[in-house]
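Shared between the two complexes below is chain A, which pairs with chain B and chain C, respectively.
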Partner chain A sequence: MSFTFPKIYNFPPFFTKQPNEQTWSAQRQQWVQLILSYCRFHRIWIMNDRGVVLSQGDVESESLEDSQQDVDSTSEVFHNEAIDRQLDIDTIRLLFKEMLRSGDVSPVDGKSKSNSTQYYVNWNRPDDWAAMVLEWIESTGQAGTVLTLYEIANGDLSLKQEFHGIHPRILEMAIKVLVKRGRAQILRDEDGRIGGVKVQ
Partner chain B sequence: MPQLSYWHSVEVSAGSRPTLREKEVDILVEDSVGLYQGKSKILKRQNGRAYLTSQRLIYIDNVSPKDMSLAVELSDVNSVEFTGKFLRSSPKITIFFKSFKPSRAKKRTTARQTTWICPICSFANTTSAYQNYQDGQFIPACETCGVKPDKEVIKNAIENSKKDVKEPQLQEQDSSRSKQIECPACTFLNHPSMRNCEVCGTVLPINKANESTTDEQEIFDDRIRIETEAHDGLDEVPIPFIKLSFHKGGDKVFFQRFEQALEKLQWEQLVSQGNVNKNVVKSQDQKVEIERPESRGVGLHRLAMMEESRTRKNEEIINSSLDDLHALLAKANEINSLIESFKRLQTGDARSQEKIIPTINQVTQSILRDPSKEDQQKLYLQEISRQISEFLITDKTLEQEGGIITLMDLYALYNRGRVGFNLISPDELYGACSYFEKLNLPLILKRINKVLVVQDHKFANHEQLISDIRKFIDIYGVADKFQFKYCNILRASEYFNWSLSITEEIFNSAIENGLLCVDQQISGKHYYLNEFLIAEEQERQIMMSPIVEPFLATESKDDIIPEMDIDALKLRIHQQKLAIEESTNSYECLPTFPNVPSQKLDTDSGVDSPKQATAMKSKTLSELEGLQF
Partner chain C sequence: MMKRHGLSAFDNNSQQFTELGQSLIRRKSKELSTQLQLFKQILMNFLDEHNDELTEDLQLRNEFVKTCSLVGIDPLKIYGKHTKMNEFYYELCCRIIEYCNSTRDINGGMIKVSQLLAQLKESGVVKEDIHRCVSMMQMLNEELQIVTIGHHEYLKNVHIGLTKDQTMVFDIVNQIGSITSRMLCDNLQWDYIKCEQLLQSMVSDGYLWVDVYKGKVHYWDPSWSV
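Presenting the complex of A and B:
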């Protein structure tokens, strides 16, 4: 099963930044929507601001560098070969800036660095992930038990969950949301990394 | 009320200027003029412009130029008289006409004119029929090419013209036909009251049939209705007269020029009748110098005299120097006509055939009495404005340009039409164009983005233009692989016959309006209809559908729901989002996550209290699980 692109994807002006502000904002929204649903379909976690996919699919280890393949090839979402159109880098950058503002992506390095070049694509917001994890823990009766992040993301119990195979950093963000609400506690190992989570 | 037979109707151009005859030229124009017949005002003709031309005095009404305008032939005018301003009455010029009978009689014997065709350049020359052509010297040269024709040519022409006079007599029985006079040059059937052809200005043969059957006083142009305010009192005077009333001044200059024009016309008539010897120079009426009593007088009187003589001297100097200027201008005009005549020889030039620019009967500052005054300047600009409208509409220049032209192009075209000198400045053009609306001309000056354009009234609406483009793309656009239609500027400019720069401006403004969007790549810009906004509009309609509304209502109650339930709500928002995406875009979003049917969401969304919300939530979830596992 392959991703079905929306109709607008084959509309050549879609790949030119429209000069009219109103049109551009509509175009931008359609792009954001497309990027999010494309990333959701392909389970893309990280992209850089040139539209290169950096992390995709079920992630088991946290190491970012390993998944860095094909640095120079812009994702096909920005390049429509059928009509021979490509969104230029500047516009992609602009899109990511806009998505950063609206919370659709979060910067990889650091909290609110505006000059970040790598982004987590929040096709589900951290809040949504948090809600999903919470639901899952409650419905499977694991409230109050200590779970490792690996168990949540890659355990057998979460096999059918959307967050199965989630990028550990994104899961971490989701857990932090829960911690902030007082619904979870983080247990750290001696290196300061998260060893386990207790959700109440 | 008897209507004077001196009134003639006037053909008015689209720009409400009189259409002049071939050799007629503007001399002066004055605004705010009223007309009198005899002693009484003529109703509905109290606010107009008076044009003094070399052949006629034309009144163009400011309110309804088409219906109310009329003219008087200068050749009918006997003399003019000036009455100054007195209390509340405006200054007036009284025009006395020649009484009919003597002028007609004279015409029949001496003033008959013959038209002969030059064998070299086929220009139709006019000349007096009764000139003595036996002497070789008196054979007139062609006015265009300057070649003297054979004696035979002129003799034949004279004989033909004599026939012309007889012919109407033969047709006397055919009364309906004989009322109209056929022009010997262009065969146009003129109204019996006309003495010059309305089309080409040729002197018409006198229709004897008319003369014998109708009383002269009754021959008047029946296209004109004159209604006077009161009795005109013309019955009591031997010579009929009319008056021009100048509401806003300019009367003196008008009177002066009027006299000059009359004098010139009379002189020309004399020349054409052959009553003047060759190389005769008209004697200037020298005002007899009053011998100045320089030696006499003492004291104050003497001082006053000296001052007077000094001013007189200054006046003379100024006048003589101005005379030189006028002579220069006259020479320039001659050169101009020379250029014109050479133009005809250039027909072999391919470029000149490509686009024929109509030459314009020029409006120059010389038709003003005082070019420095502001209101006179306004009048000048208005005249130019009218002329531009003639140039663009009547001569179909604008049609060739596709109904829209940039001010820059218009400037070039118009000045090229004015030939040589007497060009107008960009400022004047802009000023003239800004009068379009005020003068009710069928043109519009407006700004498309940054370019000023002059537009045909028909395309007044910007939206009209844009919707035209829309239709054009819809119908003639090239369809790409996915059936989106587009066009480029070149095609549109060819189709609409606009210049490229205008097309681009219109497209840009369409983009600004959000009706078009652009696809820019190496091969150029393609313009598409704006699918972004169309898609957005569709989405908005779906968002407004009842499935979502109650849900949105609950969302607004977020603040009373305890925090722990926010998660549940968020989850549901997320699910709903998916459902909407599913229904609108119908592309796969999430294969692993089951989509909740929208109906179910609808029933779930009527959440009121937090407790209920939790209950609902768990119910939904169990259902979800049921579906899922």
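Presenting the complex of A and C:
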């Protein structure tokens, strides 16, 4: 099964930023919707602000992040070969800035929020991931036990969960939501990395 | 196979229980959906048989519509045209306005009647219904008009009238999807500057979309995007 693009994807002006402010705001909404549903379909975790996919599919460990293929090829979502149109980089940047503002993406480099060039795409918001993980932990009777992030994301028990194979850093964001709500405790290892989580 | 004892004996069982449970749920939901289907059918029959009462008795009608919407019957279907109820048109008026408003930023308030019909296809709405609704709504909103450009009818939902020049551009763009300033001035024997200004003004009114392709600017009719 392949992703079904909306009809507007085949409308050539969709790939030119509209000069009319009102039209652009409608166009922008369509783009954000398209990016999110495309990333959801292909389970894309990270994109950079030139529209290149950096992390996708089930992530087993963070080291995979380095094995980027086709570093310079913009995702097909921004490049419609059939009608030979491509959204220019400036507009893609603008879209990501807008999505950052609305919480549809989060900066990969958490500290430098404004000049980040890589983004986690939140086709599920951290809040939503948190709710899923929490529900799964409760329904499988694992509340109160210490789980590693790997067990949550890649263990056999979570095979059928939407968050199975989730990017570890996105899972971290979700866990931090739970910590904030007082539902989880983080246990760190000697290097200060998250070793395990206890949810109750 | 050797019979397993102790904790391991449970492994297989739990699998069977899951399957059994799932098949029960499937059967149950199938039964329910059949019942719901039947209930809908009965409601529609009731509508046919008691048309007059429903038309006259407002309270009965309200209750009926409430029940119908609970089980997922589209009000437009209830107020089918064979009944004497004006509600069909009231409901349709609302749908038209809703759709116009939601697409206004995309098409600047000019919407093809055929596009509207495609949107309402499931409710069996025909062109005459839309005409009737528009004339009903004109009392409330004079801006709403049906204008014919070339062979196509448009529902116009903006207060600015179209100029004769704009109408001509609409006609051409509609047939071929897009146009450049050069094409326009070749076709209509107009001044190039005039064509350029006209097209750009239509972009700022939201009627046309710009497509910059290989250094050339093409102007597109947004109704080609759906």
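Rule of thumb we're sticking to: the second predicted complex is superposed on the first by the 195 of 200 C-alpha atoms of A that agree within 3 Å, B and C clash if a C-alpha of one lies under 4 Å from a C-alpha of the other, contacts with A are read in each partner's own complex, and residues count from 1 in each chain.
Note that in this section a contact is a pair of C-beta atoms (placed from the backbone, for glycine too) under 8 Å apart; a residue touches a chain by one contact, two chains touch by 3 or more.
All of these numbers come straight from a predicted model, not from anything done at the bench.
Peer 1: Evaluate whether chain B and chain C can sit on chain A together after superposition, giving fit or clash.
Peer 2: Aligned on chain A, chain C clashes with chain B.
Peer 1: Taking the superposition on A as described, I'd like to know which of chain B and chain C A:Arg85 touches: first, second, both or neither.
Peer 2: both
Peer 1: Can A:Phe11 be said to touch chain B (first), chain C (second), both, or neither?
Peer 2: both
Peer 1: So, A:Pro19: does it touch chain B (first), chain C (second), both, or neither?
Peer 2: Both partners, chain B and chain C.
Peer 1: Which partner does A:Asp128 contact after superposing on A: first (chain B), second (chain C), both, neither?
Peer 2: A:Asp128 contacts chain B only, not chain C.
Peer 1: Give one of first, second, both or neither to describe whether A:Glu98 is in contact with chain B, with chain C, with both, or with none.
Peer 2: Touch partners of A:Glu98: none, neither chain B nor chain C.
Peer 1: Touch test for A:Phe3: chain B only (first), chain C only (second), both, or neither?
Peer 2: A:Phe3: touches chain B, not chain C.
Peer 1: Determine, under the contact definition given at the top, whether A:Glu172 touches first (chain B), second (chain C), both, or neither.
Peer 2: neither
Peer 1: Spot which of chain B and chain C makes contact with more residues of chain A, would you?
Peer 2: More residues of chain A are touched by B.
Peer 1: With both complexes superposed on chain A, which partner does A:Glu76 reach: first (chain B), second (chain C), both or neither?
Peer 2: A:Glu76 contacts neither chain B nor chain C.
Peer 1: Which one hits chain C, of these parts of chain B: 350-358, 512-520 or 566-574?
Peer 2: Stretch 512-520 of chain B has C-alpha atoms clashing with chain C.
Peer 1: Chain A residues touched by both chain B and chain C?
Peer 2: 7-8, 11-16, 18-20, 22-23, 26-27, 85
Peer 1: Quick one: in the complex, what on chain A touches chain B?
Peer 2: Contacts found on chain A: 1, 3-8, 10-16, 18-20, 22-23, 26-27, 29-30, 33, 37, 40-41, 82-83, 85, 124, 127-128, 130-132, 134-135, 139, 160, 162, 181, 183.
Peer 1: Can you list the chain A residues touching chain C in their complex?
Peer 2: Spelled out, the residues of chain A in touch with chain C are 7-8, 11-16, 18-20, 22-23, 25-27, 84-85.
Peer 1: Okay, in this complex, where on chain B does chain A touch?
Peer 2: 480-482, 484, 486, 511-514, 517-521, 526, 528, 530-533, 535-536, 563-564, 567-568, 570-571, 574, 581, 585-593, 621, 625, 628-629
Peer 1: Okay, in this complex, where on chain C does chain A touch?
Peer 2: Going through chain C, the ones touching chain A are 105-106, 108, 178, 203-206, 209-213, 218, 220, 222, 224-226.
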